[in-house]
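Chain IDs A, B, C and D follow the sequence of writing; residue 1 opens each chain.
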Amino acid sequence: MNAESLILFKFYIMIMPILFIIGIFAVMTAKNIVAIIIGIEIMTKGVTLLLAASGYFGGNPEIAQNFIIVMIIIEVVILTIASGLIVNIVKKYDSLSTKNIRNLKG
Amino acid sequence: MFLLLVLIPLFLVLLLNLNLYKVNYKIAVLIAGLFSLFQMFFIFSPNFFSTGLVDLLSLRFECDGISWIMLFSIAIVSFAAICVLYASETIASGKKFHFVNLVLLALAGMNGLVFVRDIFSIYVFIEIIAATSYVLIALDKTKKSLEASFKYLVISSVATVMMLSAVAILFMAAGSTDFIKVAQMYKEYGANPLIVVASVFFIVGLFIKGGVMPFHGWLPDAYSASPNPTSVFLAGIVTKTTGIYTLVRLYAIFDFNYSMQLVFLVFGSLSIVIAAIGAINQDNFKRMLAYSSISQVGYIVLAFGSGTILGVFAGMFHLFNHSVFKSLLFVNASALESRVNTNQIHNMSGLASRMPVTSTTSVIAFLSTAGIPPLAGFWSKLLIVLALWFSGNKEFAVLALLASIFTLTYFLIMQKKIFFGQLKEKFNTIKEARFTIRLASLFLCAITILTGLFFPIILNFMAFLFSF
Amino acid sequence: MNIILSIIIPSAAGVLIYLLPSKFNKTKNVLFLAAAALNFLIAVVFYGKIICICDASAYLVNLFFRNYELNSFMAVFLAAVTLITSIYAVAFMKQNKKTQVFYGSMLLALSCVNGVLFSDNFIFFLFFWEALMIPMFLMIASGENKPVPTAIKAFTISAVADLCLMFGVMLVCVAGDSFSISKGICELKAVVPGTYGLFTTTAFIMLFIGAAAKLGAMPFHSWIPEASAKAPVAFMVFMVTAVEKILGIYLLIRITNDFFIIEQSSFISVSAMTFGIITALVANALAMVQTDFKKMLSYASIGQAGFMIVAVSTMSVIGTVAALIHMHAHVIYKSGLFFVSGNIEKAEGSTDMNVIKGGLRKSMPYTFVAFLLSGAAFAGVPFFYAFYSKEMIYESALSVHWIFYAGLLICSLIAIITIINWGARLFFNGQNNSAFEDKEASTWMFIPTIIFALACALLGLFHQVPLKIISVVLNLNLPETHSNVLTVILILISLILFILAVLNFIKAYKKKTDYLGYALPAAKFLKIDKLNLNENLDPYNIFISFIKRLSKVLFVADKALNYFYDLVIPAGIGEMARSTRKAHNGNMSVYLLWVLIGIVCIFIIF
Amino acid sequence: MENLYIHIFLLALIVIISVFAVSHYRIIRGAILLGAVSFLVSISLFMLKAPIAAMFELSVCTGLITVIFISVISLTNPVYAGQKKINEMSMVKKIIILFLIVAVCGFFIYLFDEKNINWIPVMNDAQKTVTTKDSLWNLRHVDLIGQALILLTGIFAVVVLFKKGKEEK
């Protein structure tokens, strides 16, 4: 862990919270349902970067690669389910605005 | 040997879908029911009690007392869910077939999660169970269930992101994601702020999955909007396995200094009180049950917060009890819904006369949740309060006791509104719930009563479980 | 046989009288008299014998009765008085349901008093002491013109006093750690060799209050005048003068001689004496301005109770003896006077001054004679019995401090004035036109009055005899030759007193209006006469009104509390529930906001 | 370590493009920008000595996910021009807010750095070199089962969600 990589490491560790906040902000202020999914995607991008960085700086990047691959697969499946849900929601409301997923109250 | 419990459901799913012959949903449901019964008795076989690390196929599976309890409750709740599925008319037969597949996959996921000893695989199995439950919730594609499932998906993917980042940081520090290595790493770097941030993120992720109070937004919608069998399955076991069981696993890794325990205590008591208040005069029956399950989960988290082995022991016992009588309540809710086909409490009253079995079993479930002596709930709450008392944080013990008054209030209100009082004229033609639902509720009710009455036996059996 | 009979027989007779249907009136009267006579016989037979009745250790309470001389002397004296009063009562009261109740409860009271006198165990002592209240209540209740409120008043006042007594007894038992009075006695002495720890002083004060209340001292007196107006005369004689005084003095003597050893002029005894003096002064002043003869008599008896308290609390040998003798004399002449008032009431229908027209000298010569004799004893005329007891009290008071002696003198001066005034008013102002064919009291009523009157006179003459008996009873050796110079002075002073009173009377007599003479302006000056009319000073009424106000306030508080529980809490929780439900407004970003807030709190906690 | 600057440049670019992706008023533009972000991420993965992962990311994330997104968006509704104006305004507002947040976060990290608390655990050096291939296949069997299960759930999800049930036809 020499000096440059220490600085680089700090940058990578920093990237995760930034992307996380952007993602959360996108989800919360989304007008359109798909924007929420985009927000989530960005958060997962952040995590992939973090995984790669921890592998690289932690010394065994191969296992990190493995984690990233598994994670991408899982994330794709989740995304398909999400898009399925969106398609069905749109079938019911035929509009993408997030207003119509606010009526489960109480 | 442990692998079997994960692989069998996988093979069953493949078998069912090869459609070598016309497989209608009845056979599928039968197979699923048989599997859950099989699991119930299979885990009593001796080798489950040895801590041998089965390295078959270099898998690092391991089963100790805690996972045994989880396996047992998984089996029970899935059996109940499948019975409810068989009897529910609202879901089309095609959907029921898919429901069975998804339940089997979820079972495989949960069994896997219970055996695994590696934080990344924990993440993987949690994701599997989450994915299956998204689909299960949105099974009957009504507006409500779609919205609930979407919300659940969004919020738990946020949780996943948090957990994964924590896994990444721990992996970086420990070099490998195995429990033991991470635990060693923790001893040295425990105080390092980065590691602390990682463990906080991990805890928050699990809190979201478990539905602890400030992070529970999705839970009431998911439970109340999902179709009947899903809500039984979800409320009974899914949230507890993904959320609370993993907390126990991490308990061994993170060295629980006082501030971590304080987090558990504060959030546990917060969820107990506010959820109980939220449940008080709720109009939707399932939503009320959702709030009550949040508060009971709060009790479990409170028990873990005490930081002692007795606390973990009490938490696990309450987890088992809670999964039993909560799924019983949801079974009764589905029975009611199947007969009165509405969840609104205000137009249900005096059903005890028409539906005796459902009402008696739900009364027993209510009493057990509130913690009335002869039943199981009382013993686990007693253990929790004792654990808290001996571990020194007496004020939380007192709070736990007082909160059970709230539980009693909203259950009594519920009891009075739904089951007693004079029968509405339009209900006097309804019959008792179908056979399988009655079977499920009687089965669960028997378990609650038995654990309650034979508590000493169960106590030292669990002590034995915790010993190895 | 043994002394316990004296408890069993009267109570058995009393119960029997209650039970027998009303048509056996005659037999009831006979039974009543027979029981009184038998009780007298038993008391005499077992006089002075130390008898231990069954030591029922089975009951963990050594229930034995000791028959000290003092107890048995008191018992005999009480038996005699009850016998006479029973004769009088049978003659005086008209036969109706109430009188049966009266006879029964009188016998019960008699047995209770015997129980108190003979019990050697604090528990039984207290049991009988408390049990006395029930017959007392019944006796008052059996009077005319709605006596029940007075009965309740009497009951509550004596209950409060007995409460203090019980507390005192408890303290004594705890100190002596045994329930037996005799053993307790010596123990306490050892424990209390003159030191006045908080424990012993409170015990003494509590017991003192109990005894003083029984005697009818100031704060606890307000029921006696009312009872005198409402309850039958026999009750006044038996209960108020005889029983109360006997028990009070018995307990006071037990306290001062046996339980505690207190120096003569120590702080406690001085404060007790001032208490006594104040009671005497106020009571006598009130007696002076009374318009009803019987009320005057009851206030006077409270005054004499003050005398006795002063005598006892001098803690000296002579003081105790004086108290006992004075109690003895007081009972005799007060009963006499009460019987006289009974006769008048029988004849005139009421003893209120503006009703009866006086001048009964001609119509009721014998009662007049009896009045003269007992009135003289009351006034303390020399050669009458009460004079010697009063003189001894003066001597004991003087030995402590001359202030007390002066106070006592004023009291007796006022007493003399009142009795002369009443005598003149009743018997001497001659407007009595014989419209009333008021006949003399019936023979049976007259005999008890004349017995008591003669007793005052005879005992006065041979006053050495009772003195000897009482000093033997108290086994205290009287200082035989108290300096006769002192006696001479005392006699002279009381003579001057007497002359003064007569002069005052003569002067008042001319004006023919009121016979109080000089005393009247003094009374007006002190506004005493207005004092007792509107009864606002009566502690009992103050207490009751206070209780009423308190209950009103509590009722309001209770209503507020109920309101709080029934409405506020459910509404509060309902509100909270509604707010939590509103919080879940379905908007996902709100849920995520909570998640962020949760994370922030965790970091705060860390 | 000349590629230090490249790393930092890449990271900065990722942050900027993701801000634009999130706040863009036209969703399709957002999806495309998202693809760009994932492309940049795969490049940085290459830099971090994780080639297979980078390739995977490239093919799946940039490819498949962007395709799914665009299909979902177009499947649901054609873009109606109505609210163009309002969206633009909201887009500008979002961008400003996001940059603000990024600045605050940067300052926060800088603050941490200043206090130079040792918040970086001392890394242990690489135990043994193991190639991704055998790490994937023999070291992580558990995950294989996991992947199998997740894929099956994916299949059933698609069946359940997209196939029109009898009642819908």
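Structure notes:
Here is the rule we go by: a contact is a pair of C-beta atoms (placed from the backbone, for glycine too) under 8 Å apart; a residue touches a chain by one contact, two chains touch by 3 or more.
From a predicted model like this one, the values you see are computed outputs, not experimental measurements.
Least step count on the touch graph, chain B to chain C: 1.
Under the contact definition, chain A and chain B share the contacting chains C, D. Chain B has the Cα centre that lies closest to the mean of all protein Cα atoms in view. Taking each chain's centre as the average of its CA atoms, chain B and chain D sit 32 Å apart.
Between chain C and chain D, the centres computed from C-alpha atoms are 102 Å apart. The distance from the centre of chain A to the centre of chain C, each centre being the mean of the chain's C-alpha atoms, comes to 97 Å. With centres taken as mean Cα positions, chain D sits 5 Å from chain A. Among the residues of chain D, those in touch with two or more other chains are 120, 123-124, 127, 139, 143, 146-147, 150, 153-154, 157, 160-161. Residues of chain C in contact with at least two other chains: 581, 584, 586, 588, 592. For chain B, the set of residues that touch two or more other chains comprises 120, 124, 127-128, 131, 134-135, 138, 141, 147, 151, 154, 158, 172-173, 175, 194, 220-221, 282. Pairs of chains meeting the touch criterion are A-B, A-C, A-D, B-C, B-D. Here chain C touches chain B in the complex through residues 573-574, 576-577, 580-581, 584, 586, 588, 590-592, 594-595, 597-599, 601-603, 605-606, going by the rule given at the top.
Those residues of chain A lying in contact with chain D across their complex are 1, 4-15, 17-19, 21-23, 25-26, 29, 31-32, 34-35, 37-39, 41-42, 45, 48-49, 52-53, 55-66, 68-70, 72-74, 76-77, 79-81, 83-88, 90, 94-96.
For chain B in complex with chain C, the residues that touch the partner chain are 147, 151, 154-155, 158, 196, 200, 203-204, 207-208, 214-215, 217-218, 220-221, 259, 262-263, 266-267, 274, 277-282, 409. Remark: chain B residues 6-7, 10, 13, 57-61, 92, 94-95, 98, 101-102, 105, 108-109, 112, 116, 118, 120-121, 124-125, 127-128, 131-132, 134-135, 138-139, 141, 172-173, 175, 185, 189, 192-195 touch chain D in the complex.
Those residues of chain C that touch chain A in the shared complex are 581, 584-589, 592-593, 596.
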